[in-house]
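One chain, subunit A, appears in both complexes that follow, with subunit B as partner in the first and subunit C in the second.
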Partner chain A sequence: MNEDEAYEYVKSTLKKEMITPYHSDELTIVSSVSRCINCGLCINHCPVVAAIGVDRFSGPRSIAVELSRSPPEYWSTADKIYLCTGCGTCKEVCPKNVDIPEIVNLIRARIFEHRPDLVPKGFMLVNEIITEHGLAFEPWADKEEKEESRDMRLEHLGLPFIPDIVKEKADVLFYPGCQAEERAQEVREAAKVILDLFGVDFTLLNEFSCCSLPSRLMGNEIKARELAKRLKNKIKKLGVSKVVTTCAGCTSNLADLAERDDWGIPTYHLLEFLAEEIGYARLTQALKGKRLSESVHISVHDPCHLIRHTSRRIMDYAMDILALIPGVKVTASEAHDSCCGGGGMVSYHSKDVADAVVKENLIALEETGAERLVTPCPLCTAQIESNLFKSGSSIEVDDLTVFLAQKLIKE
Partner chain B sequence: MTDSEYDVVVIGGGSTGTAVARDCAMRGLKTLLLERDDIASATVGTCAGMISSGLKYSDEPDIMAMCSKEVVHFNHIACHIIMKNPILAPLLELSDAASDSSYVDSYSAHAEERDVPAMLFLTPEASREIEPMLHPDIIASVYYEEFFIDPFRLCMLQALDAINHGATVRTYCEVIGFDINNNTELEGIIFYNRVSGTTERVSTKLVINATGPWAHKIAKLADEELDIRLNKGAHVILDRRVVNVGITVKAIDGRWIYLFPHENTTLLGTTALDTWEDPDSLVASFDEIEYLLQSIETILPSIRETRIIRTMAGVRPLVPEWKRPEGKVTRGYRIIDHSETGKTKGLISFTGGKLVMCRHMAEAVTDLVCKKLGKAAACTTHTQALPGNDADVDVAALSKDFGISLHALERMRARRGTEMLKVLELTKEHPEWKTTICTCEPVIEAEMRYAIREEFPQTLNDLRRRLRLGTGPCQGTFCTYKAAAILSEELDLGGDDFLVDILDFRAERWKGIRQSMRGEQLAQEELTLGMYSCVGNLDQSDVDYDIKPWEEGF
Partner chain C sequence: MKLKSDILVIGGGMAGLVAGIIAAESGATTLLLRKGQSATAYSSGAIDIIGYLPEATEPFSAPSEGLAAIAGLYPLHPYGVVGYGDNVAPEEVVDTIIERVRDSVVWLKDRLEGTIASVVGDFQSNFSPISILGTTKPTCLVQTTMNPGDIHEREDSVLLFAGITGYPDFNPSSASKTYLEDRIAMGQPPHKVGFCMTKIMPFGKSFNISSIEIARHLDHKGSIETLAEQIDVQVKRIGATHVAIPPVLGIRHALKSKLELEKAIGAEVFELLGFPPSIPGLRLQLALEEVYTKAGGKLLAGHEAISSSRKGKTINSILARSPRREISIDTKAIILATGKYIGGGIAGNENGIRETVFDIMTVTGEYHSAKDIVPSRVTHRLEISPMGQQIQTCGLSIDPQFRPIREDGLEWAENVFAAGAVLAGYNYSVEKSGLGVALTSGYGAAMNAVDRIKGVA
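Our next item is the complex of A and B:
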């Protein structure tokens, strides 16, 4: 055998032994996990453990000291590893900074490669949609129906329609994310309203494609890298100097990708963009004389992908901006930064777990007495909204972008 | 023949002793195994578990051939406790390869029967794809494959299989003398029962001394001289599989050392020092740890960033070839019939040998035993499977059926194969026994209860050998009390026994931790200390406990 044939042979043995070699960019994750001292702080903070107990989900500590130790046996974590919502609370409370969310992705990638039969069926359905459409949700079959749905939403919210713009060399790429692109269209439209109001030179993608986070979360690393590359090429071709999104998951993923793949341009959540690039003075100015009479009592939910995977400062901005709006009273919920259960794609295969996780948020929310909940993430919005509705609560939920757009438009 | 009359008594519950007892029992001999401590509690328990193809022994072609054959046999009789490791031997200089080209040919000569490829050469790029931690300056690497067995389970299964075939296995029975008649014929054996504190005697026609590094001491009890070369080997144990494949490298003194993924840890070994220390209180020295780290560091520069959880040290009972380095001493074994070398008739001792040869050694000595006893029976230890080897186990289906975590069951399967069904049966009547006791490995209560009832442990350390209890990153920080409570309940231990056993278990952990404590393991040890002192008040217990030699100074 020559050296190339030898390498092919070795790869086939590794495949048989179910070993996917750690890549050099994964070594920091592995070494972070080996720092765990088994103190168990994370178990007491894990929202999934709190919701369903350690017998069903053995928790972040067990991922560190038990489930992540032997790559040939990663397949045998399949009954546990998909229950992690990836909220990152464990990493935040960990005295040794163990990166549990990333080791979860690494393990899921190995299961996807070696034991696809153990990957939840719900993931495989999404995987097919992503492969076919480059989107995490099945796109509308009828374009007109999609527009009708959009217009109904805009009318209901009292928001104007700003036509889509696609052009090269704009300052900002507005990237709505799959949820706002296909489902929560009002978020996409509201962001356009805000960007337009402040005269931002923005563009949309000619053809929207997924940021790759869902593929990463389900373990399809190859597809994730392919989507990331596709997106980078589109962004480079447009020649924009910033990317702005309204989705929390996209915010953290785009930031990671921009660094990993050398995009050379910054990425923002719309809230960051407003605070850092537009400024509170212009916001205050724009809010003057708008619907001042209407007072509203709200509470705020902090998306995990913003506070733990990106930066807690984004929610500080959110609170600052809400404070600028006359007539808005904010009462903090005790569970304001607790995972909504919608993360990690858990709801795609174990909806009961996702719904059990959100319960704590619902209870705390009722205690605030707020009439409305706002959150800067369309996925959190959907998860909390449907559970509030099922529980018969009268609290309404708005994506923060939509809420803000409503406050900014003229009476 | 009464209950206390045997055809053969085997001394020593290591890999060789249990293999001999199994072979004797399978050939219909009335067999007793006496072990001073527990099954696999000494030399074999400190080895890397490699059932070596013998590639290091290219000077001894017969031994290489035998090793290879034995690997085939083990894969046939114990596949459920065996894992294959792909291995890279990266080269930094061309001279590294040239000096050892004989390995390549001799390894490759027997590769086919083991169903592995001949040695392969890989480019530096391919090598670093397979193992990104490798030094960027490597020029090539040699690739080969070896098999690894769980040495604790191997010995346990051999002992259990011996019992299944009618042998008696007694642990915690220390041989203290022989009855030798005026014709210098061995007639009986006297031993001290360490559990009951009584002295017992049985009659036997033959005694097989398979006590490894204690062989000369046992021979001395019959007034026989036995020359043996004792050689210390130490390992450093990392918390997880940190490398994708095994790595072998020339150490700073030109010996070969290795870093092997083993179960869910990685073993870095080994050293080789002629030793006269007491094997019971032997610990790895600072020099040995540093020798291993510096040697592997030449090819894996970031090795010190990994987490060392403990060390282990054992003694090789080498054939007494002197005035040559350890690596040049034969890896074969010798059977010493003391009726020929001395005067005692009926006493047979071993020197030398390796884990991979234990079945072969047993076959050879049992042939001799049968000849002496005039018994015609063929060896079947290489054709009859060890318990649990029977078939594949559908772990995923069992996980669903019994509602126990998939990973816990896969670890159990790696210890028990099809025999795991007997453990799972227990959970039907006692669903509460699905509780996880050791959270690192993991081990559930049902397996612990099963092991206590069926595998004759006396202490927590015995349970560790059967279940890997407390061998993970936290080194028994959380499982000790829980496991001790279960053991006490099953064995009806009193409060003081309970505490002494906890102290003993902690001491045994500390034996391996103390020397290597650095980096993250310091934080872990602080937490452990806090748990046992501040929460458990273990430092305030006033039970009668003798401090172990390696605990002194604290």
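Our next item is the complex of A and C:
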């Protein structure tokens, strides 16, 4: 038996014993667990614990000291591990920065591979859609209907239509993310309006495909790596020099993939791109003399994937940019350690948990007295909007990209 | 990404936030980086100045007494350093130390007034709040909700320990026994102590409940009345004048809850000192952050300082890293308040003990090099002595301006100041001086940093 054969032999034994070896790029995550000092500070800040209590969701400390240490019997954690929204609050408050959200993904990946019967049924439909279409949402059956829906949204928002551009060697790839590609089309269109307004040389993907985050979150690691590879090939083939997205989840995931898979090009959220590449001077100039007569009182929701998974600076940019728009009054929400509840794909199987998590935000939001909530993530937008609607609130929700585009276009 | 600030504080515990508040209040643009929360967020919420001398068994009755002893015996203790300066005559050192520590205590009390962590107590004397184990410890300030009032003075005082069914941190039966034995041995009131269990069910269950759930639950309107009804019966049963409950009275509205409870049951109510991470520690952390932000300081959580660039004798920029971005920060002065082993400012492994941000020289409590101290070799029984575990006193050595020094005794950089647990020469767990040293050194280091940037400008 040569070395390769020996390796294959051992691998098959591992499979029998329900062990999946870690990828080399996962080792820093695994070793971060050993830094846990079992203090429990994270429990005080976990929004899921706040919403449903430690008896139902045992909390981040339990993930670090108990659930992560149950190999190969990870399946025994299945009643808890799927309730984490992956907001990253625990990792941020942890004095040792134990990477709980990624540990959750590693455990889910092992359950998915060895005990698919325990994976929440709600994931399976999404998994099928991703496998079939390379998208996290079922694509429109009728292309014309999709366009009609898009045009209706644009008309309602008063935004012009900028035709799609697909070309090689553009400076920027605009990557809208599945939600904006298939559902919240207005976000995709608004970003194009903004990029066009500033004369950015941009392109879209010829055929859009998912960034792989949903597959990672549900534990389909093989699919996630396949999608990541597919996306890298497309981006490399286009020959762009940077990637810009409007989705918070895509922002952190693309940054992760770019580093892990050596893309060699930077990835930005649109807010970062505006602040760092376009600059406040040009933004101020562009806002001059535009449709700014009406004043509006807003509050801002910070997406977890921007503030805790990428950098809090991005939301500082958001506040800076909002401050440039005359007539916009911003009141900060008092919801600390909050999460919209839409993270970690929790709403796909335990909607009551996701809704309990978002409730904290809704209460704090009502207290701000704001008439509108803006957030730079179409997924947070959808999650908060549907919960506000159900609670009978009159507060409206906008994706920040759409809000900004409306302020930038001509009367 | 790029940022700029006059003063950059690294670390967001007591020392860092106090320094940040001083800096921001002086009008300097101030940025505070924090990679995670610190030992302050864990603390019991009691602000100790100085409780014991190492090896001593009798606590100090007042901080001034302890500080005078420290100044005489341990001149290089961070409190000792407070007393040095170009304009301080040798015979004034002790008075200077006492005055400067008093100033910072008065200042902190004032800043916390009206926040969710308002404090009682003063610099004139230590008092002895009770812990959830039934023991007492000397401290200078406690949160208003934790004030045991006149329990130890009133001859007729009767204390009721009220536990919560399904909350495992607190066993009122055992705490009341420990506490009463202690009081009998001392021959001091209260002479009667009782205990009871109450039911608080944040999620409708009376098992597997954590502090944070109870605290959040009691913050909600109406929940305190249910608790009051249960305690009232027990207060009447034993004729309690005081009621001790675990530190879970609320996050935002704890003081209001205490007053409501007292009104309903006709006895004084106070929270006990709890295990880390306790709710009063969380309140203190949040309150300090609020004071800092209101003073105009900018808090950047989730960012870790990873490298620096030097220009001559000063550090003029720091590279900070968030999970997926890097920021270069230009600054005129830096306050290093990164903590010790929990906060991560000092780390020890098989290669010795080192400072984690700048790799500045570390020393032991006796001011020898700590470069080759291997923590795993000092874990045997002899190391656990009344003097305290020796690695607890390791850290940075500083000059009278609170600037870390090099092997040759000169400052490591002209504009880098250090404060809090990152400093060597004191052992908070033996001395009961943790938050006090953090407060005083944060206050002093920031004053010096402010002076420096004003001088340079």
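The working rule: the second predicted complex is superposed on the first by the 400 of 411 C-alpha atoms of A that agree within 3 Å, B and C clash if a C-alpha of one lies under 4 Å from a C-alpha of the other, contacts with A are read in each partner's own complex, and residues count from 1 in each chain.
Here, contacts are C-beta pairs under 8 Å (C-beta built on N, C-alpha and C of every residue); 3 or more make two chains touch, one makes a residue touch a chain.
These numbers were taken from a predicted model, which means no experiment stands behind them.
Peer 1: Go through the superposed model and pick first if A:K96 touches only subunit B, second if only subunit C, both, or neither.
Peer 2: both
Peer 1: Touch check for A:V296: first (subunit B), second (subunit C), both, or neither?
Peer 2: Touch status of A:V296: no partner.
Peer 1: Report for A:V49: first if it touches subunit B alone, second if subunit C alone, otherwise both or neither.
Peer 2: second
Peer 1: Is A:C39 touching the first partner subunit B, the second partner subunit C, both, or neither of them?
Peer 2: both
Peer 1: For A:S31, select first, second, both or neither according to whether it touches subunit B, subunit C, the two together, or no partner.
Peer 2: After superposition on chain A, A:S31 lies in contact with subunit B alone.
Peer 1: Where does A:I162 make contact in the superposed view: on subunit B (first), on subunit C (second), on both, or on neither?
Peer 2: So A:I162 meets neither subunit B nor subunit C here.
Peer 1: If we overlay the two complexes on their shared chain A, which of subunit B and subunit C does A:V65 touch? Say first, second, both or neither.
Peer 2: In the superposition, A:V65 touches subunit B alone.
Peer 1: If you stack the two complexes on chain A, which partner ends up touching A:I19: first (subunit B), second (subunit C), both, or neither?
Peer 2: First partner only, subunit B.
Peer 1: Common interface residues of subunit A with subunit B and subunit C?
Peer 2: Touching subunit B and subunit C on subunit A: residues 37, 39, 55, 96.
Peer 1: Any idea which subunit A residues touch subunit C in the complex?
Peer 2: 37, 39-41, 43-44, 49-50, 52-56, 59, 88, 91-97, 252, 255-256, 259, 272, 276, 307-314, 336
Peer 1: Which of the residues in subunit B come into contact with subunit A in the complex?
Peer 2: That would be residues 83-84, 86, 117, 120-123, 126, 129-133, 143, 145, 238-242, 244-245, 261, 263-265, 302, 305-307, 395-396, 399, 405-407, 409-411, 434, 436, 439-442, 472-474, 477-478, 520, 523-524, 527 of subunit B.
Peer 1: In the complex formed with subunit A, which residues of subunit C make contact?
Peer 2: 1, 3, 35-39, 41-42, 202-203, 205, 207-213, 216, 276-277, 279, 282, 286, 300-304, 322-325, 327, 339, 342-344
Peer 1: In the complex formed with subunit B, which residues of subunit A make contact?
Peer 2: Touch list, subunit A to subunit B: 1, 3, 6-7, 9-10, 13-14, 17, 19, 21-24, 27, 30-31, 33-39, 55, 58, 61-62, 65-73, 76-80, 96, 118.
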